[in-house]
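See below for the structure under consideration.
Per-chain residue numbering starts at 1, and chain names A, B, C and D are given in the order in which the chains are listed.
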Amino acid sequence: MSHNSFGHLFRVTTWGESHGPALGCVIDGCPPGIALTEADLQWALDRRKPGGSRFVTQRREADEAKILSGVFEGVTTGTPISIMIENTDQRSKDYGEIAHQFRPGHADYTYFAKYGVRDYRGGGRSSARETAARVAAGAVALKVLQTLIGPQIKVRGAMVQLGVHTIDRTQWDWAQVDQNPFFSPDATHLTLFEEYLDSIRKAGSSIGAVVEVQAKGVPAGWGAPIYGKLDSDLAANLMSINAVKGVEIGEGFHSATLSGEDNADEMRMGPDGVEFLSNHAGGILGGISTGQTIVARIALKPTSSILTERQSVDVRGQDVDIRTKGRHDPCVGLRAVPVAEAMLACTLLDAFLRHRGQTGGIAFTPGALQG
Amino acid sequence: MSHNSFGHLFRVTTWGESHGPALGCVIDGCPPGIALTEADLQWALDRRKPGGSRFVTQRREADEAKILSGVFEGVTTGTPISIMIENTDQRSKDYGEIAHQFRPGHADYTYFAKYGVRDYRGGGRSSARETAARVAAGAVALKVLQTLIGPQIKVRGAMVQLGVHTIDRTQWDWAQVDQNPFFSPDATHLTLFEEYLDSIRKAGSSIGAVVEVQAKGVPAGWGAPIYGKLDSDLAANLMSINAVKGVEIGEGFHSATLSGEDNADEMRMGPDGVEFLSNHAGGILGGISTGQTIVARIALKPTSSILTERQSVDVRGQDVDIRTKGRHDPCVGLRAVPVAEAMLACTLLDAFLRHRGQTGGIAFTPGALQG
Amino acid sequence: MSHNSFGHLFRVTTWGESHGPALGCVIDGCPPGIALTEADLQWALDRRKPGGSRFVTQRREADEAKILSGVFEGVTTGTPISIMIENTDQRSKDYGEIAHQFRPGHADYTYFAKYGVRDYRGGGRSSARETAARVAAGAVALKVLQTLIGPQIKVRGAMVQLGVHTIDRTQWDWAQVDQNPFFSPDATHLTLFEEYLDSIRKAGSSIGAVVEVQAKGVPAGWGAPIYGKLDSDLAANLMSINAVKGVEIGEGFHSATLSGEDNADEMRMGPDGVEFLSNHAGGILGGISTGQTIVARIALKPTSSILTERQSVDVRGQDVDIRTKGRHDPCVGLRAVPVAEAMLACTLLDAFLRHRGQTGGIAFTPGALQG
Amino acid sequence: MSHNSFGHLFRVTTWGESHGPALGCVIDGCPPGIALTEADLQWALDRRKPGGSRFVTQRREADEAKILSGVFEGVTTGTPISIMIENTDQRSKDYGEIAHQFRPGHADYTYFAKYGVRDYRGGGRSSARETAARVAAGAVALKVLQTLIGPQIKVRGAMVQLGVHTIDRTQWDWAQVDQNPFFSPDATHLTLFEEYLDSIRKAGSSIGAVVEVQAKGVPAGWGAPIYGKLDSDLAANLMSINAVKGVEIGEGFHSATLSGEDNADEMRMGPDGVEFLSNHAGGILGGISTGQTIVARIALKPTSSILTERQSVDVRGQDVDIRTKGRHDPCVGLRAVPVAEAMLACTLLDAFLRHRGQTGGIAFTPGALQG
């Protein structure tokens, strides 16, 4: 029940602060015999890395992951994988004011109220820099899934809403996602996004976003009733990402407006087993995967660091007004895409290992038992 | 990491199937010395109980909770509280067809795919009858919170959207919630809800809903970074409720459209400490309570049991068409209100106990340290 | 991390007090598809049942286990198995004195110091009656192990030391264990044990014992480094049994006196794989099973309830002298045999499920990989 | 339930192999506001450090602990404390033979059987080098305990049996323990121990030992029934130390020979509350601390690495004979003393935090309630 860990059989513990010497994670329970190198982590870290465009923080971090244990002669050994990423661009600056003030929307005040002490440099533990460790763990999870289940497993994410602008889903093209700084699958909206976010950035403001993640190729049977539901685990893990204020599966909040007839995902036997005629459920029923694509979305609030002065208080109990200078993402939702993918990959691998533990891991197929 | 438990220091394990002899829960970690009787549970169970109006299932269950352990001479002893609720209205009927068919939208197929065997009577373990055990546990949690923290702690819920119809939040009146079968806080929409749901019910159809839960009086400091966040735990626990497809905190999905300026909850020192000028965050920042009202909403899909024929398959791998007869709620969202309240109460108490364990439990106040 | 649960993937939560209406357990994570009836539990419960001879407590309990959930049409469904055993012989007597006094050697004082309140009737939660629930769970675990791994798996226990008298291990005969009230595998010592324990019983005194448990047929590879070691789990689970003050594996405390040469279990390839030439390790190396018989022993202190007056204090802070009347086992070690077996069976099944989860569950064999 | 973690609210996860670049631990749940520097860890690490005398391995390691997170401006922040110790003396040698052979008594074979792959360099993950991380964590736990509870808390260990030679307990002097390479509290046996271990060392042999740990100043009320017992946690944590084959509390195995009269720890009211007249229980009753000194002992088997040839097999399934050359401790029990102390300190702090969480943390005192 440690607060800085998630997962059960595939368990990830992260550590580190924004401006400490390093951050990292320890992965416990990784299956043995999986080919794994630092390069397997690096491509994922590079996607999340700051400094890639003018739409993200200008902090420069190499984000180079070192594997310190758990891998021998290129394969995982089943023992803990310790991954460390050194912080290299934590500028030595005067934290004089921020050290004693609570930035609205940040965790400054709540960490203080809880602990009475906090590492105020760059948000300390509550900084989104922590998500680098998640991305490294997610890359391990994905490699394991693709090794154990097969290359058909795909875990992908995209930004689907930037502030008030939503993508055109009919234009969805996964190949686009890595071609633009917005992680948008819709190329037709890029100019709009660019102008929109430029105006926000130049105003020293910020905006929220919605990110969608999908997992294809997940067999039926992963997850478990009642409190170990796949969607319950996924909700917890996605909600733990910085700035996330909502999580939905499949139709999500829209399902509240649907009738039972419209929401039902009908089934028919196909050549390879059960086929669903729709996927309102987002690939999960009763907390267990159906074999369809798993679909989840998260809502991210706007970056709390803005240039406009806001009212606040300080640790001495004095009223103050705060403008948050520094290097910030105008939309934290963008770089949340690889983080959300990582959380989905980790959640799935953990669910698979638990399923394999309890049942042996093979999905039962209609017709197979009764001949 | 058992799949049928939630919480850590206040840990609830539930058991039982829809048509088995009984269902119940074991509560481990309840603080000692709390006055507790079966009556403390019964009022909560009565709110969730089926059969109360024509808008919920006509199954008749007394839902009488018996406390089998953990309470001695009227107070909790710190040992496990075992609560049992006997099933009394599980009709002996012919399950011939449903025993071998997978009802679309239900967990029938996924339980089969996972386990190869399932208790098909009334959905077995995946039935919403399981939520009676949650409501009993939630009543215990609420009693503990009000004893340890004080009567100012209030945990309440209401239905805020029924299908396409949303309440008028300016009409919000908590006193209304228990006065109508919709758990609506807005009396001005009751006729609309009644006609709307009547038409759905008569058509043998169903509809989704959105439920909001709030907790007032929660001090700052509960919850924990990073994966033990209060909103992360809350997301998991609310998502575990039957039919829930989305969870949001504070502004939730709406926060994606907000600017940093609009979303910031500004602060000022008031006579009793920090005061927030708004509550977009829903009472949680960085995973830790702010001292404001905690606000969460869940989206519930329409009941999957409908009278219209839907395409499906059976365990033999044959295509079939299914109409789900029986006693069902036209909107499962209604009776989710007391269940969501229960999950919120349990989540809060667990967070408090962990907070008290790690830190001693007293929130730090600006000004107090630096004088 | 609930205090009244053990195991991870096969997780057992027990509840109930000595003189409450019932006690029981909830088993979460039991693999599906295992044939299971109440009769599978009853034989085990009958072995532990009080009242069987003059050497155990004269309390009369039917100890009939009812399965309330998790089994459908005679097989486990993968959902929680709730087992309840009603208390039938909790005599209504005057607890006047004992209600306010702390019996030396019992948990009376520590429960009071911790909780400020306790169910003093028959020791309440700390009574050995709780172990009935363990025995039921152990019977389930054994059935699962024998179904999944095969009938070659045997989990057995015996009393090997009664007070100052130790059995003659050259006379070990498993068939004897259930033929005498001492659970002794050595028939040559029965008269000695009988006279010894009779004299103790008549004096209103009590004595300790040592119990050995063994598991045959456990494949290599179960357990895990470093804190999930099979012997570490086993130590915790055996130490949790009432009155246990020591746990040892294989040579145990004797290994302190051995040289490296004498303690080494040498290996040779045999027709069916690796063969060990001795078993000083007790079947576990580095926390992982070797494929040999697993051997553990526990030391049990004498029953604390004795007729001789002892000095103590009461809840008012007054000195008192206490004689513990009532129905007690002169040697609690005897009935610990089926309890220790149950803990071993549960520990093994849990280790197997975790092993299967992380690795797939097949042991690697020398020669198989390298041809 | 990760296998490389222990503790619940104070949770320690260790990582690293004997010959990897580094090893370390992540401590989650450390209370905030505790003054902590690397020097607080170093004194403890220096006690465990190899190379200190001819009676321990000649491997030279600085064992310098670096704190990478969780401490800010000299105090703990409540966030994870990541500690890293670099390996500096992992000699580059030819592992040709040992890479494919299973050393008897080591975990070589079981790791292979479980994972199919292992880091064979110096035992890899199963090496006792891992215990350096435990010692660092234990030093943190001790600092927290002494800060939160007071300097009266003392956690200490000593070697009480070396092979066949037992110390004279009447000569016990804690001040002696750090004055000799045997961690012996009895100065009168040092010459005997020296000659005995010299002869074993020169013969290339090894011997076992018994280590005792004690905790003074622990208040009543820590620990919890039934499976969260303080002695149950302690048994698991001590059994997880390399080479440990037995754990006992208080009288331990000797209690099997005692009568109820002799084993009872009688009580009387003293000026400061309840006083026990003896401590057979080792400070724990019903899994909860009594307020007396907590006493536990562990048996450690002889080092498995010896110069005498032993029969074994290799990964190809061939019979081989093995002599284990290299730098080894002739008695691993010696350096287990600081490790066992560390495990005791961690176990106690975890129990305290859980106790504080569930109950508020104040022990109830006889007389206080009833006045």
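The definition used in the following text is that a residue touches a chain if its C-beta (ideal position, glycine included) is under 8 Å from a C-beta of that chain, and two chains touch if they have at least 3 such contacts.
No experiment lies behind these values; they were computed from the predicted model shown.
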item	value
Path length in steps (a step moves to a chain that is touched) from chain A to chain C	1
Far-end chain from chain D, centres as C-alpha averages	B
Geometric centre distance via CA averages, chain D-chain A, whole Å	38
Rounded Å distance, chain C centre to chain D centre (Cα mean)	25
Sequence positions of chain D contacting 2 or more other chains	1-5, 8-9, 14, 29, 32, 78-79, 111, 114-116, 125, 225, 354, 359
Chain C residues within the chain B interface of the complex	1-5, 8-9, 11, 13-17, 20-24, 26, 28-29, 32-33, 66, 68-70, 72, 75-82, 84, 111, 114-119, 124-125
Chain B to chain A touching residues, read off their complex	1-6, 8-9, 14, 102, 104-107, 109-116, 125-126, 130, 161, 163-164, 200, 205-210, 220-229, 231-240, 245-269, 274, 277, 280-282, 284-291, 299-306, 308, 310-319, 333, 354-355, 359, 363-370
Residues of chain D that touch chain B when the two form their complex	1, 8-9, 29, 31-32, 78-79, 225, 353-354, 356-361
